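Paired with chain B in one complex and with chain C in the other, chain A is shared by the two complexes that follow.
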Partner chain A sequence: MRDYLIKRGVSALVTLALAIILTFFLFRIMPGDPTRTVVGDFRVTPEVRQMLIHQFGLDQPIWVQFVLYIQNLLTGNLGVSFQYRGTPVTSIIFGRRLFNTFILMGSSIGVALVIGIIVGTVAAWKRESKFDILTVIFSLVTYSMPVFWLGMLIILVFGYYLNSIPIAGTITVGMTYSNVFEYAADYLHHMTGPFVTLTLSFIGFYFLIMRDSILDVFTEDYMLTAKAKGLSDRKILFRHAMRNATLPMVSLMAVEVTYLFGGATMTETVFSWYGIGRLIYEAVVMADFPVLQGIFVIMSVLVISANFCADIAYAFLDPRIRY
Partner chain B sequence: MTIQETPASQIKEDRFWLYRRKLGDFWRLFRRSSLGKLGLALVLSFVMLALAAPWIAPFDPFTFVGDPFLKPSSTYIFGTDQVGRDIFSRVIYGTRISLLVGLVASAMTVCLGTLVGLVAGYLGGRIDNLLMRITDLFIIIPALPLMLIMAAILGKGVQNIIIVIAVIGWTATARMVRSQTMSLKERPFTEASRAIGSTDLHTISRHIVPNVFPLVFANGMIAIVDAILSEAGLSFLGFGDPSRPSWGMVLYFANTAGATVNGYWWYIVPPGICIMLLVMGFAFVSYSTDQILNPRLRRR
Partner chain C sequence: MKNKTPIGAALFAFLLLSTILAIPLGHAAWYTPPTEEMKFPMMVLGWDDWSVHSGEALAEQLKKVGIAVEVVPTDDSAMYPRLADKDYGIEEMSYGFTAYPSHMFYRFHSSMDCPYCGNDAGFRNAAVDATIDEMLKTTDKEKARQLMFQLDQMLAENVPYVPLFLADEYHAFRKEWTGYTVMPAGPLSYLNWLTMPNIYSTAGKKQFVIAFNNEPETFSPMTATTGRSLFYSMNLYDTMLAYDENLQLIPWMATGLPEFSADGKTMTFNLQPNLKWHDGKPLTAKDVIFTFNYIVNQSATGGNAGEVIKYFDSGEATDDLTAVIHLKEPYVWAAEAFGTQYIIPEHIWKDLKYDWEQPLVQSNPKVAVGSGPFKFDSWVPGEYVKLVKNPNWWMKGHPLIDTMIFRKIDTESARILAIQKGEADTERYSVEPAFVAQAQSNPDLVVTHAVDQWDYLLVFNNKSPPFDDVWVRRAIAYALDKNEIVKRGALGYGTVTQDYVSGDFFPFWHNPNVVTYPYDPDKANKILDEQGYLDIDGDGIRELKQAATVTTTTPTATETTTTAVVAAAEMYQNLTYAVIAVIIIVTVLYLVYRRRKKA
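This part shows the complex of A and B:
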């Protein structure tokens, strides 16, 4: 187990180092003046620019820049934003936006996962029944829809025709709240649209993986043993099949976090949700490269840690991995 | 004793018939799957739509043919957009770009992945290690943000969208080809090929590539699905080329025109349905192909 942990840990660190190196070069292969992407923007005042050129060593050779970049990274200095006129990148990312994104993504992933696992198990059990076919078609349809289009449809139907959800933002602009519950209610009301969109777009994937995984488990010998022992269907299904089939989901989930970020970016953009995804889009449109670089580094750290945690969890859940 | 030599032309002909038979087997199995047939029908109808666009579309997709924001009518089937272009014609012509980007980008994705997989699997050692580290990196880092950053760096345009999709999407193919190559390398026939002094290039191109091809093909179908969806997303966010509008770009214009908040369903629904049906078509084909080519799925 210890060897396994060390091996995984080293591999995670190597990947992280590669990601950081990639980020460094990605933002320096831009055509034209290489310093432009770091400080060279008219929205940054000359004083701040001088300070940054010094901090990041932009008048020095590239390897010195790289060393300084790593040093700054370790001390949490990710540079300053162009579009917000010199606000540090870290204070833009860590704050309300990160919180909003976590709430939105966390809740929709959680709900989609639970529904996907349960419905996937039942569908696999009743293979080729009407329920199975309908749920497979449903998940193929939602899987084939572009996320942003699903969001647009939801705005059109529930925002325009039924007028039951707000069409943009995280809270009502200019509204004053008498207590925290009122605020929470307004927040959740705004979250309905993006939450439904993201949940629907995630369910299909989890469902199909779970169904596939259960069908695989059904071919295992221990399923026959369980049946031969005279266990009830319910016990076989939920005790033996579902437990074993959930295992691959754990490792897949971590890998798919990267894919989920994509869906979140789209959804946040469509619903003007004040989060990291929307920030990525804004930063791209406004050519705010320091912010993009910062988000990218932080996301890489998050995803790589998530994968590392999943690997460990997997090893704990499945003894076969450890040896 | 003289050794009877088989003339080269005979070998070529034998090989041709072998491939013919394999393809025939595949086709027979494929035709049995109704999902596969449905998928193929969907894909082919979009291909036909793309080819026949000039004859089907009633108007030129770039000229202003009416007042802005006209409702659907017999002249303008899906109404007109914010500058008075016919949405129906734009959707029809959009098929060409969406299909083209999907096919070209996925072809590049698969070629890149196959190349990396072959090199890593065949050479092994340090090179394999390095290539697999890079593959892990590309699997793990968030794809869409990276795509957006690359698109921002490269600039707008259809070619750049294709490049971005190919650079991000090759990892799955690479991993699969690598593991397949590693197992094929140990088989007697590749060993024999090396023993009689064939070059590595010959062994790879004659003995390994033909054997990984079915799996590469199945992977290619999935890659098309991903490429079409990625293209739609990037175009929707405004990275497409306005002179070559895809379905995603039509939706981008719909969004900037406030189609959702004004209730112009005829501007939003048709392009999205097209994306969905085309993606479903390829997904069904890929599903059926996988059922035939993937031995793990056959035993169930």
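This part shows the complex of A and C:
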């Protein structure tokens, strides 16, 4: 077991190092000049542009930029944003944006996962019943529906005509709160729209995978054994089938961690939800390389460590895994 | 699992190496001038629907005169370096006006024919240069205007680019709001000093909410270079002069327009008495001089910093209300450039470096202490920025509202719904074309109309054949039906421009008698025929003039060096291609080998 841990740990670190190097060069191949998009105004004279280029550090040779990048990374410094005039990237990412994205993505992924697993199990059990057919159709429809369209529809109907949810933002403009519960209530009220939109769009995916996975498990010999032992249907389904079928969901979750951090650009934009997804989009449009770099590095750290955890979890969950 | 590792590593190494090697490729030349037919790729700005759709309309019109243009939607990050390197033949997009026609210098002077300088057309003309130089030195506005008329006429004859149209500006206000000023660039822009102090609600509302899709980038006027940042500067800080609805200067903190000395190199501003900063300290001529010294000494980038750095020589405050500024040389727009620069308080900024690292108000609240009509109150990132009325502002009784809120709403559809619902009173930018009709038909909204500052142009690379031939440029100008282009490219929400100083945007500087090119495809065809651009093979596309007419000359020393450099660059590029090809082949062979071995 110790050897296994060390082996996995080393390979995770190597992957991380490669990802960090790749991230740097990835943004340097993009042809383009960040000053042009950041400066925006054509009146800016060549002298001012030169000053900006100097401030951005873009007049340094590429290998100097690379060494600086690695040095800064080791001290936890992700550089400063071009677009927000020198605000540190860490304070842009680790702030309100990350909090908003975590809450929204975490809750909608969590709820969608629970619903997906339970409904998927039941649908597989009652295969080809009306329930099964209806849920499959429902999940295919919500899964393939464009998320921004669903979001706009929800805003139009519930935000404008029925006036029951706010149109934009995470809190009411200019409101003062007497206590934290009032704040939470206002926040959750604002979250209703994006939460429903995202949950609906996620359910289908988990549902379909879970349903397939359970159907797969049904063909295993141990299911026959369980039946032969005379166990009740409920016990067979939830103790034996569901537990084994959840294994693929664990590796799926390790991949989903990126969403947790990366947010959902479309939904965040439609609901003006101030999160990381929207930040990525803005940074791409404004050629704000330091911000993009920072997000990519943090994301790769998260994914690699999540995969490392998943590997370990696997070793515990599945007694067959031994290296 | 174990077997996969080398393959994975090989793939990764390939990815990494090719990425690194691809860096020089990103900067390889894109455009090759045609050698036989009049057939060109035309860059348009991919994210700008107007640029793309008007480009398509334009291509169809050019087809009728035998010029084949292929519309290539391009991202800005690819487009601007190509413009900088003059690595294109023809392109179409919007550029942008400011309050005075300084674009006549940036776009046409040969000294601006350098990477990222503004003269994207690569236009060089000694007579035009001389007229521009003379105009820039003329401080008498009437004389400068006559020179501008001449200049417009010279450009009309040379056609360095074809002006197409100005975007229209539509602003939707909830109907209870009034007192705003509609002028070029719209009622809410960084060129409009008049709206915010004077706007009020007939329903007695004291809070004005502007839906805005952007976060503030900076509140510091020393780093504000974009319209969205300058709009914050405008409300938090103040200037000595401002513009009226015809973009003519009016006194603002100053008591009148500046007085110029006879040689035009000394400019005197007189300030109103009793001006105060937000923290209660008096604002004097010393702060004015400090601001310009600060910009020059610290190489600041915000506001009119470029012009200030170029022309400011020295300055002194002869008393608390008189600021005397000495220029390095006379400048026609000196009053505009210095008068509309946001003035910063000496008592705060004397200890503040032009701080690239910490410029926002969150980390440094001092940066929002100005003397403008509004004071900074609070900013909740991603939600709103709240400004409150400055009760001590010099215009007595103004502003008429108590609070001004920028509320962040990301999409136009949500902004329009918010305005219709009353959650917002207007939005910061123009209503997007697809929503104009919806806003106009809503009884709760009033929609204003003006020309915007974005001017769409068809730009030729004046150095690249056949666009180095003025007759080709003229023929193309005749071949374009601009009304049709506006209809298709801008859904009709645009104003056609016929010359280089649009009368709709610059009423003062516009030459009413300038030569224009009315839509006349027959004339365009005739010109091209006469000039020898004939469709010889009958495929509907004109042939370029025969290669025989190209004369060979001995290359000069610089040309030889350039050729050598270009050849070296090409060799390096080919080498990179070769290395990448080898890597791909080796990887594939390796993978095949592994497969074989396994089997």
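Operating definition for what follows: the second predicted complex is superposed on the first by the 280 of 323 C-alpha atoms of A that agree within 3 Å, B and C clash if a C-alpha of one lies under 4 Å from a C-alpha of the other, contacts with A are read in each partner's own complex, and residues count from 1 in each chain.
By our rule, a residue touches a chain if its C-beta (ideal position, glycine included) is under 8 Å from a C-beta of that chain, and two chains touch if they have at least 3 such contacts.
These numbers were taken from a predicted model, which means no experiment stands behind them.
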item	value
Partner chain in contact with A:274 - chain B first, chain C second, else both or neither	second
Partner chain in contact with A:197 - chain B first, chain C second, else both or neither	neither
First, second, both or neither for A:84, with chain B first and chain C second	second
Chain B versus chain C as contact partner of A:292, first or second or both or neither	first
Chain B versus chain C as contact partner of A:160, first or second or both or neither	both
First, second, both or neither for A:139, with chain B first and chain C second	neither
Which of chain B and chain C A:26 touches, first, second, both or neither	both
Which superposed partner A:51 touches (first chain B, second chain C, both, neither)	second
Partner chain in contact with A:18 - chain B first, chain C second, else both or neither	both
Residues on chain A lying within both footprints (that of chain B and that of chain C)	18, 22, 26, 29-30, 152, 155-156, 159-160, 167, 269-270, 285, 287
Of chain A, residues touching chain C in the complex	18, 21-22, 25-26, 28-33, 35-49, 51-52, 55, 62, 80, 83-88, 95-97, 100, 152, 155-156, 159-160, 163, 166-171, 173-174, 268-272, 274, 278, 285, 287
Chain C residues within the chain A interface of the complex	12, 15-16, 19-20, 22-23, 25-27, 47, 75-78, 80-81, 84, 95-96, 98, 102-103, 106, 114, 116-118, 207, 209, 215, 217-218, 220, 223, 225-227, 299, 301, 304-307, 309-310, 355-360, 363, 380-384, 386, 403, 405, 407-411, 413-414, 417-418, 420-421, 423
Complex contacts: residues of chain A adjacent to chain B	11, 14-15, 18-19, 22, 26-27, 29-30, 140-141, 143-149, 152-153, 155-156, 159-161, 167, 215-216, 218-219, 255, 257-259, 261-262, 265-266, 269-270, 280-281, 284-285, 287, 292, 295-296, 299-300, 303-304, 307
Footprint of chain A on chain B - complex, ascending	133-134, 136-137, 139-146, 148-153, 225, 229, 232-233, 236-238, 248, 251, 254-255, 259-263, 265, 268-269, 272, 275-277, 279-280, 283-284, 299-300
